[in-house]
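Structure, as structure tokens:
Residue numbering begins at 1 within each chain, and the chains themselves are lettered A, B, C, D and E in the order written.
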Amino acid sequence: MIDLLALVMLLAGCFFVFAGTVGMLRLPDVYCRLHALTKADNLGLLLICLSLALLAGRLRITLLLLLIWLLALLASTVSAHLIARHSRARRPPTGEPQ
Amino acid sequence: MNAQIVVDIALGLILVGLAAQVALGRHLFRSIVFYVAFGLAMAVIWARLGAADLALADAAIGAGLTGALMMVAFRRLVGIDPEQAQAQMTRHSHVAVAVAALTAGLVATVGLAALTMARAPESAGMQVLARLEETGLGNPVTGVLLVFRGFDTLIEMAVLLTAFVGSRVMTQRSRLNVTTISGFELPLVRTLVAVILPLAVLIAMHLLWIGADQPGGAFQAGAVLAGSGVLLLLTGTLLPAPRSNAMARLALVAGVAALSLLVLVPLSQGRPPLAFLGKGSLLFAEAAMMVSVAVSLTLLFAGAPALKAGRQ
Amino acid sequence: MAPWLAQALPPAVVLVSTLAALVIFVAGEAHQRLRIWVNLIAATIKLLLVVWIGLAVLAGNTFMFRFELLPGLELILHADALSILFASLSAVLWLVTTVYAIAYLERSPNRARFFGFFSLCVSATMGIAMAGNLMTLFIFYELLTLTTWPLVVHNGTPEALAAGRSYLRYTLTGGVVLLVAMAWLYGLAGNVEFTPGGFLAPLVAEHRIALSVIFAMLVAGFGIKAALIPLHGWLPKAMVAPAPVSALLHAVAVVKAGAFGIIRTVEDVYGLELVAELGMRIPLIAVAAWTIIIGSLLALREHELKRRLAYSTVSQVSYIVLGIAVGGLLATSGGMVHLVHQGLMKVTLFFCAGIYGLLLGVSRIDQLDGLGRRMPWVSTAFTIAALGMIGVPPVVGFVSKWYLASGALAADVPWVVGVLIASALLNAAYFLPLIRRLWLTEGGALAEMPIEIGALSRLALVASAVATAALTVVLGMLAAHPLSPLSWVLEIASGYAPW
Amino acid sequence: MSGEVVFVLAAAAIFGLGVHGLLTAGHIMRKLLALNLMLSAVFLLLIVVPARIDGLPDPVPQALVLTGIVIAVSTTAFALALMVRLFRRQGHAAIHPDVDPRMLGHVTGRTSAGPQEEHDRGSGSR
Amino acid sequence: MNPAVLLVGLVFIPLVAALVAVILPVRFRRPVALLGALAWPLLLVPLSIAVARDQTLTLVFGGWTPPLGIGWRLDALGLVLLWVHALAGIAALPGAWHRFGPKVVAAAPFWPLWLILSTGVNAALLAADLFNLYVSLELTTLAAVALIATDDGIAALTAAMRYLLLGVLGSLMYVLGVGLVYAQTGSLAMDQADAAAIRDVALVLMLTGLMVKAAIFPLHVWLPHAYGNAPGPVAAIMSAVVGKVALVALWRIWFQTAADPPDLLADLLGLVGAVAIVYGALAAYMQPRLKMVIAWSSISQFGFLMLLLPLASQTAFQGAGFHLLAHGLAKAAMFLAAANIVTVLGSDSIRHLPGLDKRMPLEAFTLALGGVTLIGLPPSGGFTGKWMLLTAAWEQQGWFWLVLIALSGLMSAAYVFRILALTCFHPARRAVHELHARPPKITSLAALLLALLAVIIGLYPHPALELLGRGLPGGAS
């Protein structure tokens, strides 16, 4: 039972990461891509970590996975923010796609 | 069984794909970024092969720091002469393709032949595992690095020191470079530093401590610290200082000095050099090496003899 | 004779002039006085040492100095009768040439360098004379190349440098040929010293071809310096050097070293019977004869005085090789004694040519008209030496030619006498016109050269030329005297060719 | 077992790409990238080829590769510092020892000293 | 003192001195470096006695017998090169002292790098472990490249970059070879790692790697510019020792690790050596700059040293080992002299050489003596080496090698006499008038002494030859 649930979450996680990558390739400008990357990937990573925690079943591993997820979250938000500020300083956002 | 193969083939393809991007890419900066990705893929493969120490090292040093060093070097080139820095000087020649294919074929045949050849029954690795418990260490790689082949590690730390002193020949002739990124004074960035710095130090200590029994050790810990050092430089908490100070120089020399002690102390007691002096001495040496690795790589990134605190 | 003295004398002879050279180099250009005295003292000491060793050898003592250079290789300096012959010739002519050179180079630059290498040449020549085995001979032979090259290029003009280059090309190639031959010989025969009659007889059975090839290479290697015809190219070009150097090269150092090498090879390495057995004797005679004739013919063609003398040397040296190759007591001694005689005569000729060139700026033959009256002493010396070269008694030239001819008749090669006669005629053909111009033609109004040379050095120049000329006559007349070179050579030759 | 074969082939391919990069690259940074690729390929071979000891790779090659990685990063760091200095002095990041940089006038355009003027001209002649 | 302490001292005295030099401020670095550089050669005297007594000294780190741990081995060949390193290093010290004073910009890093170079060379000479050899060679190459870059000229920096890139490529191939040997034999010790099955491939890989580092002919591209543009003392120590360390390693692997290498490979490498001799000599003859002439002559002489492989006999080894000694001293002396000439005349182009013998007699005499040893004229050390190789060639009926060895002297005579004719006998028409400050007398004397030594050992070669005569690097005779 636990394995089935873990498998479902793992697949969902992979789907979200895949979605984030497709978004990054397809979306027109920097800001949209940042959205896709930060949101989708983080969610995907959460799901994968949860499924792994379920599979491992030990508290120490779960806490480690949680820590990994938090770090990834922190890193991606700050870098997304900096990239956005940097590209806005260089080219202000206009209505039409670049 | 075939699931293993599929994963291996996938990993192999990813690795070669990234390598192709690095080698054949048109823009230089893209190649550098792909090189970092290549380093990470390499780390995954080390993990897949069961060489955990190497995975850690390659991720931290191979991908992380080498990538950082290359990017900062690239940024300096652009700073000097933007158009020349990315000058497209690759000349495509069919001879090169032919030679490359030939060498690849040669290496492949040699590798495959080596895989299937008869092996000597007794290898140094087996002896290491057999005699590991004499050293009280759990992790065989650290055993080899520090106890059985300690002299290699000493010379390797000397190579790192030479690289730093050698780079001082170049960097002392030119003015210090700015290493901070735009927008480094943002509160958001300051919180990032406030969170990551202590965590990085904690992880480094953890890696150093468990290095004796599980994958980890001085180099990996040093690399993590160097990574945080790079972060501090980028965010302006630390700035390159023009004049070197005694502390920086001592830290640089610590690793080689500690290992030299491990050689000279047993010699003074009449025992062969690098004779095993107990686990405590190993930890002491590893700590010193960690400090040396961290400080050297950070200073190499900064291109400066020492660092000073940036304005808070 | 104390044992340590027997061991110390040969290297002492070699080192005397090396020390002198060091002193001269260190002293540098400024100390003119010091250099003159060092030169003269060194030359006299060397002569005394050689005479002392000569008398001791006559009295039956043996001198042997061994120095183990390499595990399988020894540097041996020993004083047998033949080495004393060459050493005494070198020592005597060296003293005279030093006096002449001091006077000749009174005004010219770079004298320290000249006299330094000048003395080094002496030690190299002494080393060759005293060599006890082929390796020592080779070492000093190469040293001779190294020390004579700076003398050839001394005045730094483009022609001098070109001459130096060609000199190097010939002599270094010769050195390589010799090196390969010696390595091969050492492989076959091992580390063996010079033994009268040769030490290769036992090997001839299975190494016949190898030995003959090695012999050819050794003769070619030494032949370059002995100026055998196809290999003589460097000699005329080397005339660009100052007169004392030409005299030194032709009469004493380089050319004779080559001839001496061939003598050692034929007499002390192979032995004449082995050479004949290998079928190399006749070709050697042929080459010598060929060089004599062609040398004289080339001399005829030359209008430059020094170049004509150069070609005459080319032919004269081959007399020595001819004598050795013909073999037999008479011919061998004729060849060996010509080593000394030709040295004396050629030195005189070059001294005179040098004086003409220096004082009167005379370098072409047609400028010689009427010099007999202007410089009577020098011209008489020149005439005596020229007559000696032709073979007119009582000058020494006649003695050696006489022995060569009688030796050829005694041996089984009568046609050699024809060659000797032809060469005598050719010598006459290219020397007599010179003598006629000196004495019998009216001199043109040759202005005295502006070089105001000191009276003392003018006297020194003339005196040295006259001295050597006198020596050629005295030795010619007193040939039978026990201490004369001829008797000395007869005693050597009896050792080598009793029949 | 065939897992190793895959990685050996991958390593060979990367080695070939590295050689190609090395031969065609003009820019020194690209040459360094290519060399690092080749190094990684050799390290991969160093771990894959030797026999595994009860499932895990042999510890000795692991230690060798670890040493190799640290040496690689030191050499690369030094090479980058050298490249930057050469770029600042020569105006372009390529190795043309025989070509006199001044003759490459059209390539460098501006004088090679960029905004970060080094604080002393150094002993070398421009 | 037991030999272990001596061997450890050889590497750790310069290393500790380097560490102290890095720690101390610039003012004290030069004296500390001088102390370190003068201290370790003193150990060579007791070591020579020990090696003379029992042929090879071995030391194992930590008591872990190879293949588990790393072993050191000092044999006659290593001792000869250590002596060359000591003598050339001491002779180069005055020049370095004069040129890298505390006020000079590059002085701060120069002195530690100089000591680290010595450490690397000594460690590489003692290494009896394949991977330890790689690490030591890497340390030597990196230090050497950094030392070349201390001369901030564009040519020096380019030469340094070229040397570094090729050095990495070379060591990369070497490591691959070592990996294959380890995979096959499970051991990294030099004398135990005879990989029968994979031997030829691993051997070729390792040899190619080492040939790049030793700049043997087809892979020599980096050497001329590196030696030609490096500062004087650096070029001296590099030409005397650094290039040769890789060559000694190559010999050891050839004789020790690969027990009986295929004859085809031996003759092929001999042929490569032959081509190197001719090519090096020709190029040296045509170089417009004095230092480049001397640098190209190194390539010719390295080719000459490769002839040991096809003539693998005891006498050949004695000859090649001795030539190593003589050539090292002579070449270091010539580079030191050239460095002085460059500092005085401002440029070392051949056109400024005429009339040099009057202005700088000591340098001219050093160049002459060095040249004599390069040609191998009889009294000099070069001749002894050449003679031994000649007899070895004769013993093995190697006619081609016999003639080649004889001709190699002739070819080097070509470029040596060209230099001598220019310095001493050409009239000084276009002499360079503004002479820069003349370096202190001791630098020229040091160079002259070194050159004299190279000639004198020719007269008294017995200790070196007797040592080298005990056996081939692999102990097999």
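Convention: a contact is a pair of C-beta atoms (placed from the backbone, for glycine too) under 8 Å apart; a residue touches a chain by one contact, two chains touch by 3 or more.
In this text the structure is predicted, and so the values were computed from the model without any measurement.
Without chain E, the rest of the assembly breaks into the touching groups A, B, D | C. The chains in contact with chain B and with chain C alike are E.
Each chain gets a centre from the mean of its Cα atoms; the one farthest from the centre of chain A is C. Inter-chain contacts peak for the pair B-D, counting C-beta pairs in contact. Averaging the CA coordinates per chain and comparing them to the mean over all protein CA atoms picks out E as nearest. In whole angstrom, the spacing between the mean C-alpha positions of chain A and chain E is 58.
Chain C and chain D have centres, each the mean of its CA atoms, that are 66 Å apart. Computed centre separation for the pair chain C/chain E is 44 angstrom, with centres defined by C-alpha atoms. We define each chain's centre as the mean of its Cα atoms; on that basis chain B and chain D are separated by 14 Å.
Shared contact sites, meaning residues of chain E that touch two or more other chains, fall at 105, 131, 135, 138, 142, 145-146, 149, 152, 176, 180, 182-183, 186, 188. Residue positions 107, 114, 119, 123-126, 128, 149, 152, 156, 159, 162-163, 166, 170, 173 of chain B are each in touch with at least two other chains. Along chain C, no residue makes contact with two or more other chains.
Pairwise chain contacts present here: A-B, B-D, B-E, C-E, D-E [touch as defined].
On the side of chain E, the complex with chain B involves touching residues 4-5, 8, 12, 15-16, 19, 22-23, 59-64, 67-70, 105-106, 108-110, 112-113, 116, 119-120, 123, 131-132, 135-136, 138-139, 142-143, 145-146, 149-150, 152, 176, 180, 182-188, 197-198, 201. Taken together, the chain B residues at the contact with chain E in this complex read 107, 110, 113-114, 117-128, 131, 147-152, 155-156, 158-159, 161-163, 165-166, 168-170, 172-173, 246, 249-250, 252-253, 256-257, 260, 263-264, 266-267, 271-276. Against chain B, the residues of chain D that register as touching in their complex are 2-21, 23-27, 29-30, 32-34, 36-37, 40-41, 43-45, 47-53, 55-67, 69-78, 80-85, 87-88, 91-94, 107-110, 112-120, 122.
Only residues 68-73, 113, 138-140, 142-143, 146, 149-150, 153-154, 156, 160-161, 164-165, 168, 172-173, 175-176, 179-180, 183-184, 186-187 of chain C touch chain E when the two sit together in their complex.
Put simply, chain B touches chain D in their complex at residues 4-5, 8-9, 11-13, 15-16, 19-20, 22-24, 28, 31-32, 35, 38-39, 42, 45-46, 49-51, 53-54, 57-58, 61-62, 65-66, 69-70, 73-74, 76-77, 79-81, 83-85, 87, 89-93, 95-97, 99-101, 103-105, 107-108, 111-112, 114-115, 119, 123-126, 128-129, 140-141, 143-145, 149, 152-153, 156, 159-160, 162-164, 166-167, 170-171, 173-175, 177, 219, 293, 296-297, 300, 303.
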